[in-house]
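Heads up, the next two complexes both have chain A, just with different partners, chain B and then chain C.
== the complex of A and B ==
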């Protein structure tokens, strides 16, 4: 199902949780809402679900006004961060709950049908053998998979996940997100999930929506948002960045008064920030490079080593990835030249 | 010369003004061309040029040169000048405000310049004050530190905080009454739906709550009401003995227990025991997002969670009231016999004479209404719980306090009602 969100705003008292958000989610897509806490991503998800109503704006499900319907009539599956399983019911009963008490009597399924459907769902989330246990007897990862099976039981038109792996430990989290991706490829239900973990969003989602302070900063595939960040916030939030404050004056980039050989990238005048990925900053001889620094520390294992450098002019410490073969010693004066970089106007 | 008068002069070019008065040569440093004012008073002659703000574009910079006296005496002219400057937008992104041409400056003038700088900065321009002499630097720096945030309400200075507090409390009270009314409406709606479609009513859950609110509360209710009945009788005997009116203790125990004490004690016990449990359960479910989960699965939390609880408490409280009243009468009778030396037969016959069915009915009629009040307050408070454990605790406390308070208020209304009915 396709979801269209137009100009949605929501305020909680004086705090603007969402400020004019526009978003289009295609049918069968897996979209991640990514942002720091307080960026409005959960509010947006709850508005899509119908657990929260926007102050203004429209939400359309396949062209129908979703705001005219209550949460129960929207047929959404919602997975909560803390599972929200019913503790006095077994795993089987939890999943069957939505089927068993569906209101109009005629629509209600017969017991054998319910049984078959729940068992199928539990197989899908690979928990068939736990059907008779109670939620408190399960691990966090298992509980979250039960919650997912429960959300899928009512055959939702949209699956919404609110930080689904937020309460799990790192290893289980990694396992589950791979599993979620596989599951989505299998059932192809339009899914939106909220996360503050950029790694998770980049790995799992078809498209990533980066949010900050109630606004959408960028929408794009994981590669797009990583390779071509639209704003300074996106560059800083997704992936590691080296940030160096510079000024642009008369069409040239200046670093503490010295002109450096860097393209202004359309930034006209005033303070700016230079963003470079740690592996796109090469360490060269001191003379020709735009920045000069001193090696403070070299550490790390793997193909690249992490080098901490202090810039000569202001002592600003940057962390650069250097190939293992490069010979660097602490105290050595080196030059830094970015091979690929982005320049964004504005002060830090 | 006439002292104390102002006179305006026109200065054609930048000129040095010098004149002699009273044998002294008065001289002012260079004045800009334009209007100047000469003020003569008993102490001397003061001459000044009008304040000005000259703008000049220098490359990408806009230089605003402030000259003349920037003091409160020239406030009209200064404000106008500043307004004009702000109103004519310049393309330049960098603005320098040159203060070197100012011959006199007071806080008013300095603040105007600082305000100008801030206005320009808030337009996204880079504005700086330049040419600040050392003696003025301190003033300018202080002003730059002055907070621009809207000043906090100074009502506390006027001692009006209590008024604000009363207002806030009244708003809060109104809000909680509205929430109670809303919940009453929702529960009634769910109740009517359950009557139309009995299949949707959750009987299992109702029986479960009936067990917890009613059956399991019986021992403690019996114990407490028995003791209360006994204490009332003992106090009655102790004090009535002086008038030789011991026999009227039976009237007092009977009427008091059946009309008021029985139902009140039961309601207070139920509010503390079950009302708080309702609030805590619903609050915990709210915290764990289970209520949201129910809603996303298409259930109405009022129908699934609240209606069974309310039905259970409305059934349980009248039963407990009846049991409690009996236990209190039993306690009273026992004390009359053991402490007052009144034969149980006399107690019973006196009781039969002194109380009518009315007294019993009055007590029993109140019970379901009070039960409803406790249940609704408890459920409203439970759903008000926010995400934290703190809020769960405070809502549970609020639930108990509010329901006991409202039960007693309701009892007062019933007293008035029955009095006017003549019962």
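== the complex of A and C ==
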């Protein structure tokens, strides 16, 4: 199912949770809403579900006005961050719940059909052997899969997941997100999940929606948002960045009054920030490079070493990945030259 | 010095767990003193009176005891008490559940005022709780004239007794449920609604089962208080023998008439109710904890 969100805004008192959000989710897509806490991502998810209503804007499901329908009428599968399993029901009854309360009554399945459907779902989430257990007897990962099976039982038009792996430990989280991706490839239900974990979003999602302060900063594939960040926020939020404050004057980039050989990338006069990935900053001889600095510390294992450098002029410390073969000693004066970079207007 | 000696004396090198326990504990004489004071207090104020009630009740044997309980006035008092408790506990079960549901699951203006109001019956004297109904519905009261014209009897009749009991016992169910419901939050309800359940289905299939033990516990306390209420009921009842006397009022009348044995016989029933409530409370608390 296709979802169109147009100009959606929501305020909680004086706090603007969402400020004019536009988003189009294609049928069968797996989309991640990524952002720091307070960015409005959960509010947006709850508005799509019908658990929250926007102050203005439109939400369309396949062209139909979803805001005219209550959450129960929208046929959405919602998976809560803390699972929200029914604590007094067995795993089986939790999954069967949506089938047992279906209205009107004559649309309700017969008991054998319900049993068959629930057992099939429990097999899908690999929990058939736990059908008679109660939620308190399950591990976090198992609870989350029960919650997912329960949401899928009503054959939702869209699956919405709120921080689905947030409460799990690192190892289970990795397993479960790979499993979720596989599951999505099997059942192809349009899915939206909220996360503050960039690794999770980049690994699982078809497209990532990066949000900050109630606005969408960028929408794109994991590669796009990582390789071509649209804003300074996205560059800083996703992946590691070296950030160097500079100024643009007369069509040239200046670092503490010295003109340096960096393209303005369309930024006009005023303060700006230079963003470089740690592995796209090369350490060279001091004379020709745009920046000069001193090596403070060299550490790390693996193909690259992490080098801490203090820039001359202002002592600003940056961390650069240098190839293992490069010979660097503490106290050595070096030049820094970005091989690939982005310049964004504005101060930090 | 003696305290220090006591500590050393109790430090026997038995097991490591044992000695660890000793380290955090008070010296032995202090422990005995504390436990002794607590036991003495319980004995004097709880066990002795309870034993005395049963001793007096059976002082002339079993048959006079049963005779006192089957006296028509006693039977009438027991029936009235059961009726009043049945009505007021059912009403408070519904009111308490609705109030707790509203407070725990919704945000609205005046919520803190409502919470304070629920506790009000705990802080006002039961005599006042009875008196307000006399002032409202009594012959000289606010609605007294109107009620007399239409031949409706509230004061000195069953409705008055029920009203007074409802007021006094209102907090029990709500107080038991509010903290639990608040702690459980609204996520399970949201989940139920997102799965297509109606408001009523959500309430009966999710909210209610989640608090059933706490609800039963609240009902039990409410019932114990409803059956035992004296002050408020005394004001509105009129003490008409065989008609508006509840058990506590009947006990007082018998006592004032120097029928000690009969008085204690009826009292033993209330004491028994208290014991049953206590045992049920211990059992239920386990389940409430599990919720």
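Some points to look at:
Simple rule for what comes next: the second predicted complex is superposed on the first by the 348 of 348 C-alpha atoms of A that agree within 3 Å, B and C clash if a C-alpha of one lies under 4 Å from a C-alpha of the other, contacts with A are read in each partner's own complex, and residues count from 1 in each chain.
Throughout what follows, a contact is a pair of C-beta atoms (placed from the backbone, for glycine too) under 8 Å apart; a residue touches a chain by one contact, two chains touch by 3 or more.
Nothing here was measured: the structure is a model prediction, and the numbers come from that model.
When the two complexes are overlaid on chain A, chain B and chain C occupy overlapping space and clash.
By the touch criterion stated above, A:270 is placed in contact with chain B alone, chain C being left untouched. Of the two partner chains, both chain B and chain C are touched by A:78.
Shared-chain residue A:299: touches no atom of chain B or chain C. Contacts of A:154 after superposition: both chain B and chain C are touched. In the superposition on chain A, no contact is made by A:171 with either chain B or chain C. Common to the chain B and chain C contact sets on chain A are residues 49-51, 71-72, 75-78, 80, 82, 84-86, 97-98, 101-103, 150-151, 154. Of all residues in chain A, those touching chain B in their complex are 49-51, 71-73, 75-78, 80-86, 97-98, 101-103, 105, 150-151, 154, 269-270.
Those residues of chain B that touch chain A in the shared complex are 60, 93-94, 126, 199-200, 288-290, 292-293, 295-300, 304.
Note for the complex: chain C touches chain A at residues 187-188, 190-198, 201, 205-206, 209-210, 212, 291.
Those residues of chain A that touch chain C in the shared complex are 49-51, 70-72, 75-78, 80, 82, 84-88, 97-98, 101-103, 150-151, 153-154.
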